[in-house]
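Each chain gets a letter, A, B, C and D, in the order it is written, and its residues are counted from 1.
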Amino acid sequence: MINKVAKTAAEAVADIFDGATIMISGFGEAGSPIELIHALIDHGAKNLTVVSNNTGNGHIGLAALIENKQVKKMICSFPRTANSIVFPELYRQGEIELELVPQGTLAERIRAGGAGVPAFFTPTSVNTPLAEGKETRIFDGKPYVMEFGIKADFALVKCKTADRYGNLLFNKTARNFGPVMCMAAKSAIVQASEIVEIGSIDPEIVVTPGIFVKKVVEITNPVSENQLIRENRRYPW
Amino acid sequence: MVAEIKGWNREQMAQKIAGDIPDGAYVNLGIGLPELVANYIPEGREVIFHTENGLLGVGPSPAKEDEDDELINAGKKPVTAIKGACFFHHADSFAMIRGGHIDICVLGAFQVSENGDLANWSTGEPGAIPAVGGAMDLVEGVKTIIIFTQHTTKNGEPKIVKECTYPLTGKGVVSHIYTDYAVIDVTDNGMFVREMAPGIDFEFLKSCTEAELKQY
Amino acid sequence: MINKVAKTAAEAVADIFDGATIMISGFGEAGSPIELIHALIDHGAKNLTVVSNNTGNGHIGLAALIENKQVKKMICSFPRTANSIVFPELYRQGEIELELVPQGTLAERIRAGGAGVPAFFTPTSVNTPLAEGKETRIFDGKPYVMEFGIKADFALVKCKTADRYGNLLFNKTARNFGPVMCMAAKSAIVQASEIVEIGSIDPEIVVTPGIFVKKVVEITNPVSENQLIRENRRYPW
Amino acid sequence: MVAEIKGWNREQMAQKIAGDIPDGAYVNLGIGLPELVANYIPEGREVIFHTENGLLGVGPSPAKEDEDDELINAGKKPVTAIKGACFFHHADSFAMIRGGHIDICVLGAFQVSENGDLANWSTGEPGAIPAVGGAMDLVEGVKTIIIFTQHTTKNGEPKIVKECTYPLTGKGVVSHIYTDYAVIDVTDNGMFVREMAPGIDFEFLKSCTEAELKQY
């Protein structure tokens, strides 16, 4: 029987190893799998390469993971936001690496990784500093940059609804990078607000087919990142 | 620090841009000032706003009590979704951008050069944390790039320049510039002033613009 | 006001011009926009390049379009099926060109065309006759073939439900190439079994966002290709 | 024309393959003979069948009156969808294939060579209409390729050969071959016979196989 349901966040992240590449969903506070990230902090895996659009806010979630010195490198498009304190400081001290990728290129590289496409061409970043050192090529008279697919060992993703096959539904703009990260990771680990019976999700509306998901864990009332930041909370609590 | 008030204010600039967006256009509004444009779409026009974090059909800001952490725009501000909206993932969202499906994008600028180069993501200062977001994708993918900016910096330095000194976002990508002083079209034959704000004349405009300006 | 609804199939296809490249959805009998194709036969545009997985069945739909000598070239993965009579005959007579593309490469080339990706690398067809003359390249020790995105002037697509913005829902395996063809065509023309009011489609379940669609036309009870073939029908009737 | 019956019949071959598919596997079954495999998954195992035309969770064939023209498999035959199934478009479907997400694919063959090359899409005859479908995508993308074939052609010629003479579908892609005579593993060290059908001995097997066969 196929049962991808893990009992706890701790159990879901138990296989993550030192040096792993981990994709983490979310765009700002929407879709960030805070409970899974906190479980990863408790777990303690180190020297991680993290692929995520931002670098986390305040001292919780991804920011706390970075603050806990578990991340050696970030691959992201926008490492500083209003509430990002931790990453900028470590970056200035030379204690964390950064690979800066335009947001659409990041999304497409992740999808490519998941779709078995090792490299593709994009017009994005042509003639800018972010294209330096990259192969460029003309198609139909227009220049393009070659970019590589990204794969990961794990993905940590937040969604709304899941079943034991790993079929997923998302909530509004919290969908963002979740679906493509599930595709690109060997083991996609997903926290869902609810896990429902097989057959409860209409086959026409599944956003992420179960084939892309390794584990799901029910986190009934996920914390609000905004709320935690307003309260100036830190993890570990 | 605020100089003598002249030219258009932000709301007037936003209104001017909104007035030039045709019925039925798909429009992406950059973070900050450009967001104002949504408030001034003329009555009777239907314009669909795209936000790159996965929503087509962005509606007005919600009342405080209706804010939803999981319904935000690219600036991470709470928004609403109109009837007929749809949600999608990031790769699909940027397929819309890169694939040329968005008609218009309104962005801010540090600098725009005479041939339409745009610098709006980095001042290149040493020690600054580089962050690019979706700016480079938008300028390469969207058909028409409109810049919404003050004509000069806070210190009065030209933002419309011969050559950008800041790192580029994209080369030759800007079509129109709406500033507090003027509306400028960027063409293959150079920059043409389409309209000037009340109280601004061409000589004054040239004096605070480094790039060469032409008149139609 | 945005209103993409055309009154008739004839009106929907009226802008198609001689020499156009047209993508046509469908996999076998599922998802083939028969009414739109028949309108295109009535319309008469010639020298078309058609991108479609198959070449049609019997003497109706795509097969009838080909039989009517409107198609100069097919780009497809499987040009002969049990009921395909027309294409094989014309092909043997040298009266129609064929570009044979593996099915997954076809789907990905169409998506790439729609996503602004001019070229990408795929392992599919490496070391086979279909890779001959194509650029190959090694990534991580494994060979890949470079393939180009495909764009089209028009797409003819069948779906289940649409609204006036062009948001689409599909039916079961009739979804197949429809969504990516809408992306890759300058003008995607869609026949829907029903057109519903704006707001009736849940924003979470839209399969094809309206931005990819130019026109929709309601065809309430689309013909069954299987039924027409069983009855040995021909178009024009 | 039918020779003396020996070896396994098709149902037995399908059963043998099905028995070797582990619980929880994602499996794509090729058109024709391979479709039989779905009927023999052992009780208690949950296997999810993928069809490349956009369905994960293919169920049994429907009753005649429940057939739906828009619910078919890659062979264009009517199917059903199990509980927990999902539909998706062709690019997503082949992302599953090309991206290495499908565990096992069972395919027919014209020829398999000693190093696992597969020819199953074209006999290369002049005048034949070339048609490839998803075969090349499946052999490159799926982790384990299982071949389900008669051991020889109808004329008794070997299908398991030194080198394929027909145009290749993929090079070095086959892992296992299930024929009416034997189960053969294709390894970096050559072809090893894992099991022979009742009444088939190694000498006989070698006599109708062009490729070199080894015993474990």
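The rule is short, and it goes like this: contacts are C-beta pairs under 8 Å (C-beta built on N, C-alpha and C of every residue); 3 or more make two chains touch, one makes a residue touch a chain.
Treat the numbers as computed from the prediction; the structure is a model and nothing was measured.
Contact with chain C and chain D alike is made by A. Among the remaining chains, those touching chain A and also chain B are C.
Here the spacing of chain A and chain D, counted between their Cα centres, is 36 Å. Each chain gets one centre point, the mean of its Cα atoms, and the points for chain B and chain D are 55 Å apart. Contact with two or more other chains is made by residues 55, 81, 87-88, 91, 94-95, 97-98, 141 of chain B.
Multi-chain contact residues of chain C (touching two or more other chains) are listed as 108, 111, 115-117, 122-123, 170-172, 203-204, 207.
Chain pairs that touch one another are A-B, A-C, A-D, B-C, C-D. Of all residues in chain B, those touching chain A in their complex are 51-55, 68-73, 76, 81, 87-91, 93-95, 97-98, 122, 127, 129-137, 140-141, 167-171. The residues of chain A lying in touch with chain C in their complex are 108, 112, 115-123, 137, 139-140, 142, 144, 148, 169-172, 202-205, 207. Residues of chain A that touch chain B in their complex: 27-31, 53, 77-82, 87-88, 91-92, 98, 100-108, 110-111, 122-130, 170-180, 207, 224-226. On chain B, the positions that touch chain C within their shared complex are 23-24, 26, 44, 46, 48, 50, 55-57, 81, 83-88, 91-92, 94-102, 141.
For chain A in complex with chain D, the touching residues are 1-2, 111, 113-117, 163-165, 167, 183, 198-199, 201, 203-204, 206, 209-212.
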